[in-house]
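There are two complexes below, and they share chain A, which is joined by chain B in the first and by chain C in the second.
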Partner chain A sequence: MEENGTKNKMWALLITGALILISFMYYKTNVFYMYLIAYIWFGFAYGMMLQYGRFCFASASRDLFAAGVPRMAVGILVALMFFSLIQATLASTNMSTFHPAPFGIHTLIAGMIFGVGMVLSGGCASGSLYKIGEGNMTSFLAAFFGLCIGQAVFVDVKWFDFLMPQKWVAAAAAKGLPADKMTSSFDTYLAGYVWDQPTVRMSDLPAIKEALPGASKYFIGDALLTALIPAVILLIVIYAFYIRKGFLKKRAKQKGGAATGFGDDVAGIWNMVTASQRTTIMGVLIGIVAGLHIFVMKGMQNRFAVDNFGRLLTRMGFTGDVSTSGKVFDPGYWYITSQEGQFGAWILEKFGWNMHDNIFFGVNNGLPEPWRNPALWMSFGIIFGAMVMARLSNEYKFKMPKGELIVWGLMGGLLMGFGSRPALGCNIGAFFIRVAGGDPSGWLYGVGMVGGAFIGVKFFNWWSERKMAKEMEAF
Partner chain B sequence: MKIVIIVIVVAILGLLLVYSQQHDMPAQTVGHPAAGGYGAAPAAGGYGSAPSGGYGHAPAGGYGAPAVGGYGAPSGGYGAPSGGYGAPSGGYGH
Partner chain C sequence: MAMKFEKTGEGTYMLDVCGYVCPHPQIYCKKSLEKMSEGDVVEVILDNPSSVETIIQMCDQVGHDVTDRKTEGGKIHMKIKKG
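Coming up: the complex of A and B.
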């Protein structure tokens, strides 16, 4: 046991040391890589926190719907609340890189597909990455074949042309995009539908702008109305459904009488929030670090006078890495999935598949080499950060998937990949970041995701019972 | 050991924070590449780019942009702050 602990510590030091060395080498190669280094280390910090707090949207849904344990869901809501306040502070000081996304029913549908997928694979987009760091190879299957390869294929095939209404085809054609970049069903969907949807950010609404001048529109419109109030309502709902009865019974016993007053319920909610200090503290920390990440990336952009890392790649001469707009995927904040899609596309290109002939890679996000891909480094950072924390906690265990776990991992990963693309994000980019930034479309995705997770949990319950019944029959 | 690693990470993040807030880049290294392709900012650009771009029209941009951009972007093309088809730093392309 002792020997194992020493080995784990050595590994943790080795990984951290290697990343420091890599960062230093990047810096010495070109100072512009400081931009990329920032992504590495914020990713590393996310990984450590995610692993320590066991932060996973799939676990949150499964625990809540299958076991009635709200610990993780509460932690996520706490993180959301803190992050929204930090986002508002950053927006009010013009240091935010946040931008709202197109609002439409597609967000809800995509969230639902993603929700089913994350429950099947046993980890959301960010959860799968930290679980890879813990040695979970089912999560690796989900991330590699679903998020990487699955997403890349999804944006480049014509398989879904039959789903594209003529209206979208016409709207996409009317934009006059070059034919060599308009080849897939997803291109039609993007140019013919998504780009025509409105974006909504509370602080940008005329009514909010007029009523709340100055910075207050960010704190009241974006943080309070979009994130804080809905999150508090959700906490109350979770308390009412899962905690209240048991808590009041226990409290009445302690008080030696009835416990049904308002004060008792407030105490119950507080008790629920603080029940798992580990998750709640990590929720607060993740919110703060995610805000700091935005601040640093905006600072980097200001420092190098660019709006995207693709500009720096171009200056360094790597023009083949960037899209036709001169950019690469560079969200400026915590984000998962698009970079995995880029990685998948990069691999497929090595096998001769042209991945530049679509809008997603060719026009929007580019296809940089993985070692020059800032957001992909953030994902690697999450994996390594989680690995270090898991090693230090003696929780690292290399686990190969067996039997049906392989099927669930692959199927869930593919559904996550397919569910994140149409909404242009996952549980982090399409829900967490958007809601905290004042974009109500995040809640639309969240509702879909929770609905999908509910379906996934019910499916799993049905599957397990069926399997058990068969085993009992055989027995 | 956990504390040591946490201290290292916090120190690196702190370093990055300080570094990112120092805006002392020499003038000659500042600036965007010249004319950009589809919606690239800020030079002459295609789809919805500001200020002289094609799709979305200069100087006040197309597709319902608040100011000078396309597709709801502050100043750019399809949703990007400074141009392009919803490119990463501000658009829908994620």
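Coming up: the complex of A and C.
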């Protein structure tokens, strides 16, 4: 055991040392790579925190429905509250990179597809990455074949043309994009539907702007109204449905009398929030670090006088990396999935598939070489950060998927890949970041995601009940 | 890889979910406990650390006792007495 512990510590040191060396080499190659190095280390920090707190958005709704355990849902809501306050602070000092997303029913539908997928695969987009760091190869299957390859294929095929209304086809054609960049069903969907949807940010609404001048619109409109109040309401609802009865029963036993007062309920909510300290503490830390990440990326943009890393790649002469808009995918904050799609597209191009002939890669996000892809480095950082944390706590275990897990991993990954594209994000980009930034479309995605998770749990309940019945035949 | 749920004696059971990842260990654990009578004990063997926290909190909420928990050779052994 001790020998194993020493080996794990050595691995942790080796991985960290290798990342330090890589960062140093990037810095020595060109100072512009500081931008990319920031992504590596924020990814690393996310990975460590996600692994330590077992922080997975799939677990939030899944464990609530499957086991009645609110640990993760509480952790995420705590993270959301802290992150929203930091987002508001950054927005009020003009140091935010946040941008709202097109609002529409597509967000809800995409969230639902993603929700089913994350339950089947056993982890959300960020959860799958940290679980790869723990040695879980089911998550690798989900991430590689679903988030990477599945997503890339999804945005480049015509398979869904039959779903595209003529109105969208006409609206897309009217945008005047080059024909060689408008080849897939997803292109029609983006240019013909998504781009025409309004974006909503509470602090941008005329009524809020008028009523709340100055910085207060960010704190009240974005943080309080969009994130804090809904999060507190959700905490109360979770407490009332899953915890209250059991807690009050236990408390009455301890008090030797009835426990029905307001104080008892407040104590119950506090008990629920602090029941899993490692998750709640990580929730607070993740909220703070996600805010700091935005601050640092904005600082980098100001430092190099750019709005996107693609401009720096162009200055370095890597013009083939960037899209026709001169940009690459560079969210400026915590984000998963788009960069995995880029990685998948990069691989498919090596097999002769043209991935530049669509809006997603060709016009919007570019296709940088993986070693020059800042957001992809963030994903690698998450995997390595989680690996280091898992090694340090002797929890790393290489597990190959077998039997049914291969099916669930692949199916879940593909659904996550397909579910993250129509809403332009996943549990992080489409839910967590948006809600904390004052964009109510994040809640739409969240509701869809929870609904999808409910369906996934129902399916697994049915599946496991069958297997249990078979096992119990022998009793 | 297959899930095993066995009766090992009078009022004692064994649930082996090694190799399984979330959410399977916690779902099988919950279902095993549902099939048992009050006072029965199940030994749960798993190798997915993320599931342990959930199982512990589930037991705490419902009133089951986690009487033993140890890690051997990368596998986590938990003994749960149904409350």
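Simple rule for what comes next: the second predicted complex is superposed on the first by the 466 of 475 C-alpha atoms of A that agree within 3 Å, B and C clash if a C-alpha of one lies under 4 Å from a C-alpha of the other, contacts with A are read in each partner's own complex, and residues count from 1 in each chain.
Assume a residue touches a chain if its C-beta (ideal position, glycine included) is under 8 Å from a C-beta of that chain, and two chains touch if they have at least 3 such contacts.
It should be emphasised that the depicted structure is a prediction, and the values quoted were computed from it without experimental measurement.
Undergrad: After the superposition on A, what does A:Asn364 contact: first (chain B), second (chain C), both or neither?
TA: So A:Asn364 only meets chain B here.
Undergrad: With the two structures laid over each other on chain A, which partner does A:Val306 touch: chain B (first), chain C (second), both, or neither?
TA: The answer is first: A:Val306 touches chain B but not chain C.
Undergrad: Chain B or chain C: which reaches more residues on chain A?
TA: B
Undergrad: Considering only touches as defined above, state whether A:Gly68 meets chain B (first), chain C (second), both or neither.
TA: The second partner, chain C, only.
Undergrad: Under the stated touch criterion, which partner chain does A:Leu85 make contact with: chain B (first), chain C (second), both, or neither?
TA: After superposing on A, A:Leu85 lies clear of both chain B and chain C.
Undergrad: Contact-wise, after the overlay, does A:Thr97 reach chain B, chain C, both or neither (first, second, both, neither)?
TA: A:Thr97 sits against chain B, while chain C stays out of touch.
Undergrad: Who does A:Val153 touch here: chain B (first), chain C (second), both, or neither?
TA: Touch status of A:Val153: no partner.
Undergrad: Have a look at where A:Lys399 lands relative to chain B and chain C in the superposition and call it first, second, both or neither.
TA: Second partner only.
Undergrad: On chain A, which stretch or stretches are contacted by chain B in one complex as well as by chain C in the other?
TA: No residue of chain A touches both chain B and chain C.
Undergrad: Can you list the chain B residues touching chain A in their complex?
TA: 1-2, 5-6, 8-9, 12-13, 16-17, 19-23, 25, 29-33, 36-41, 47, 55, 63-64, 66, 71-72, 77-94
Undergrad: Can you name the residues of chain C that touch chain A in the complex?
TA: 1-7, 19-24, 26-28, 30-32, 35, 47-50, 53-55, 57-58, 60-63, 71, 74
Undergrad: Over in the complex, which chain A residues touch chain C? Could you list them?
TA: Result: residues 54, 56, 58-59, 62-63, 66-69, 71, 119, 122-123, 131, 134, 136, 138-139, 242-243, 246, 275-276, 278-279, 390, 394-395, 397, 399, 402-403, 405, 457, 460-461, 464-465, 467-468, 471-472, 474-475 of chain A touch chain C.
Undergrad: Please output the residues of chain A touching chain B within their complex, sorted ascending.
TA: 9, 12-13, 16, 20, 23, 34, 37-38, 41-42, 44-45, 48, 97, 99-102, 175-178, 190, 194-196, 198-199, 204, 289, 292, 295-308, 310-311, 314-315, 323-332, 335, 337-338, 359-360, 363-365, 375, 385, 388-389, 392-393, 424-425, 429
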